[in-house]
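Below, subunit A partners subunit B and then partners subunit C, in two separate complexes.
Up next is the complex of A and B:
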């Protein structure tokens, strides 16, 4: 009988050990998960700082999600001061976020998921047998970086996106060049869908899920929205995010858990598609059908397939945005003027891994007094635990050598910020 | 290493090799971000056109946007190798495993894995020299500041890198 399974993560932050699953009598007794995120975790870095210093610091929480952190941070500051940005700024910001989505999904699929599903120990091992496919994955990641570099001024950690607008605007020639690269990227993303469609998705972690994602009033699928929609039918304003993400201390875990009505919920690509599938169009809609995704899926291993669909979507939407910008012509706008006032604002964006919230309070001089950043990984923890419990119950008779990698697949499907960590698995027998 | 002040101006380049200098790390985790602090310093020094200085954040794979037939790649990162805080290591990528030093990372793809993958996929890197300049961290915790010993090591790291690219220091 398996007594303890430790999914260690190699983490430089001392005292944070990853995920440990303890099993007793064939059932999960406890799941301990350590992540260095949570309510107000990042607050000490920014408290007392001026409003325009916050985004350049907090965008660095994650290099892969820096575009989403940038957008959420800027929106939180703007909402606190009552600033409304232009439609051009909204489009450029959206394009920046799509660059991040393309980069992140390509990296996750080709460097972590596809090696997992094809039984390769790493992307390097996969590349020795399938170099063309891995190179294509890296080119897709590069496309995401190029979008961020063109719009944000740097491949990661944008310098152009500022409060109220953009410091430096892309030229028509740059946008046309980007559009050409997106054409090639679309073909590559469709090949990716082909690849993912050939992967066998096991069902050992299937169990009912509650999904949550941002919802917009627009007709199209979007990574932005003023409301939070849940698969239960509930809808909330984003300013109410704390009620959804209210984190509770649970006796069997080190980490606090986000729960809705005392039930875990999932955010991320699969949640977005489950809640907004009818809004997909074009090749992304076809890809969704090809990969068998629907709102009824209760298997988080399909989150990988959902990322492949979103890869197509983000490339198609990026092309649409460029067309809109070119049709309207790039206006040489200056960022909106900032008039500081005491207030609180929330910014929310669908980051690659799920809904990301930034919430700040400022005094009348524009000094930050409180900050709260809730990442998708923090919201997903309780659902990861639920899926690990179900998986262990379904796989308990398997030898530890095959059980541990399957549990890693479950964790990795969520694309958590600790995914780099779940390479080492230790299983102890009594 | 010496205590000479940072050379922030000038610098006569004698290098004829395409070189990429890449800093990697997370600035919000104290000494984990030392590689990026070194990049900040290098960015203030005029570099020849065949030398790219790149802030990779914690994603070394973003190097793919800078692989214009490089003959040398220099990666700067925090490396735990059991030395004293601020101690500087110069490692040849190909010797990493034989020296038993593992670059531990909270990054999405570990730095060594990223280099291995890039080398495997891009034939242009076949003959490329890859050097890792590691700095032993002291405190890896939520902070945007470096610890004193690590901060003091930056001048020596910068000097070492300038020597790597055969860039002479200003008089």
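Up next is the complex of A and C:
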């Protein structure tokens, strides 16, 4: 169970994660997903800081999930002070998060997954044989960045999204321009679904998963929500996130592991689709059917396909948001005024790779007294180890050279930010 | 001309500067064609861990003893070592409370069990190796990166601005957030190159690019004190991204607030 100590969770593992598998007498003795990323101690860093400095510091936890960190952080501060933002702010913030989702999913699919499945060492190598596909992937990635630049003021580490609103609002012309680009992006995302449907997905890591994702009261699929839903049927208010993410420090990792009732669980695109699939609509719904996702929920390698579905979804939803904003007309609202008070607030967002929680406490002057951040990758680590164990058990007769890349594939499917493509696996045969 | 051999590596940070490289979507395939990228673990497999490199770009700060070794090895391999991003150049946000012993930080974050790894205070690359060029920014600006790559391909180092964000902001004629609106703006102390990005959105500069040469923090601190900001808020804001810089040391700032 939880102790009272604040636990840091580092979002990214890409440069410095590893896997250790120990096999004894032909049986899997131990499987560790190792995180060697240097700790940055973000939570104590922000203690004592004024409320308006928290998001600009904590968004720096991760570049590729920066939009999600920004949104979760701002919402946690606003919830602590009892601030309710306007519907325009909510829509713009959602658009920003979709920009991040598009950029991240396109980067993961085109720079890591598709080269992986097609046996190329990188997207650049893939481009020499398949230039059109890589160029299209980069264009989709750029679309996500253009949204983040237009709404957030910068592709990485937004400067324009602030507590209570936005510094500068987008113009009608900018939104119309984005809409044009989204139109092209939608076609490209459907081609991406075609591409992904052609990939052969192996089944060596198939095992039952417990999934968790945010759940909203709204009719549509969403990356936001006030409740956490589990595939076990349990639901909680987001303020109860610690009940789900029981954490423990493990010796081989600078990240903490989360377990629910001592069982691993998974978050991310496949988890979201598993829990909210009936809420998908339009082309995204068709894409989900096309990729046969509903019948592969036990195989995390299908998280890649789930990301392709979400690429379609985020593009369709971004277009909807822009239409909604244009219909209402952009109101020249200033960010809401902040009246500080002692309090605690939680902000939760579905980041590209799963649910992200920020939780802060402030004193009456608005200085932060305590912070807790739980990243999706930290939640997924225990499930990654479960899938690695299953994979090794299924593939134990294979030589190390063919086993190792398959284990890397499993880790990459979770999209732990940008996965490191090298030296991920250390298999020790005793 | 032979293509220069290049390495790209991240120490401890958010990977945002490497991501800026990947965010050059329109130029990426051309860059990849002009350079011989041998080592880029974040984006490719089959990295050469040993070969000599003409240029290595290093992001992130040093927070573990083993990163010191990695950095020294990269320095030995490379003719030019280029620090990319404020973490590599100044230590970044993780260096803001270096005065607190790391063991205490470890206990706070990981509890008594968190004894399993060695950590040192977060430091910039230049504390350990010679840095040939420093491109700061959190993250770096794409245009500066592309400009640097173009210069390097011609065998030159790029000229980067030596003036402050404040100058860029004045040139763009944005209203002064510090003097006119009384906001805690770091524009006068921060090195230019972002075209005053934050003020262009009506937001004060937070100093994410690190200090300009000869930054006069004492004078800014004095001004902010007069405007009613507390010593704690001034110190916090000035020492968010580049606390290790001499011009932003607590003693340097205090001069102004005592005056």
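In the analysis below, the second predicted complex is superposed on the first by the 382 of 430 C-alpha atoms of A that agree within 3 Å, B and C clash if a C-alpha of one lies under 4 Å from a C-alpha of the other, contacts with A are read in each partner's own complex, and residues count from 1 in each chain.
Here is the rule we go by: a residue touches a chain if its C-beta (ideal position, glycine included) is under 8 Å from a C-beta of that chain, and two chains touch if they have at least 3 such contacts.
None of the values given here were measured: they were computed from a predicted structure.
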item: Contacts of A:167 with subunit B and subunit C, given as first, second, both or neither; value: second
item: Which superposed partner A:50 touches (first subunit B, second subunit C, both, neither); value: second
item: Contacts of A:145 with subunit B and subunit C, given as first, second, both or neither; value: both
item: Which of subunit B and subunit C A:155 touches, first, second, both or neither; value: both
item: Partner chain(s) touched by A:107 [first = subunit B, second = subunit C, both, neither]; value: both
item: Touched subunit A residues, subunit B compared with subunit C; value: C
item: Partner chain(s) touched by A:97 [first = subunit B, second = subunit C, both, neither]; value: neither
item: Which superposed partner A:121 touches (first subunit B, second subunit C, both, neither); value: second
item: First (subunit B), second (subunit C), both or neither touched by A:407; value: neither
item: Which superposed partner A:64 touches (first subunit B, second subunit C, both, neither); value: both
item: Contact residues common to both interfaces of subunit A (with subunit B and with subunit C); value: 11-12, 14, 41-42, 44-45, 57, 60-64, 66, 107, 111, 122-124, 127, 131, 134-135, 138-139, 141-142, 145, 154-157, 420-421
item: Of all residues in subunit B, those that touch subunit A in their complex; value: 26-29, 32, 55-59, 61-62, 64-65, 78, 80, 104-110, 113, 116-118, 120-122, 137, 140-144
item: Footprint of subunit C on subunit A - complex, ascending; value: 3, 5-8, 11-12, 14-15, 37-45, 48-50, 53, 56-57, 60-64, 66, 107, 111, 121-125, 127, 131, 134-135, 138-139, 141-142, 145, 153-157, 159-160, 162, 167-168, 249, 251-252, 254, 256, 417-418, 420-423
item: Complex interface listing, subunit A residues touching subunit B; value: 9-14, 36, 41-42, 44-45, 57, 60-64, 66, 107, 111, 122-124, 127-128, 131, 134-135, 138-139, 141-142, 145-146, 149, 154-157, 419-421
item: Residue ranges of subunit C touching subunit A (in the complex, touch as defined); value: 9-12, 14-17, 19-20, 22-23, 25-26, 28-29, 32, 37, 40-47, 60, 63-64, 67, 92-94, 96-97, 100, 105-111, 113-114, 116-117, 119, 122, 138-139, 197-198, 200-203, 206, 208, 232-233, 236-237, 240
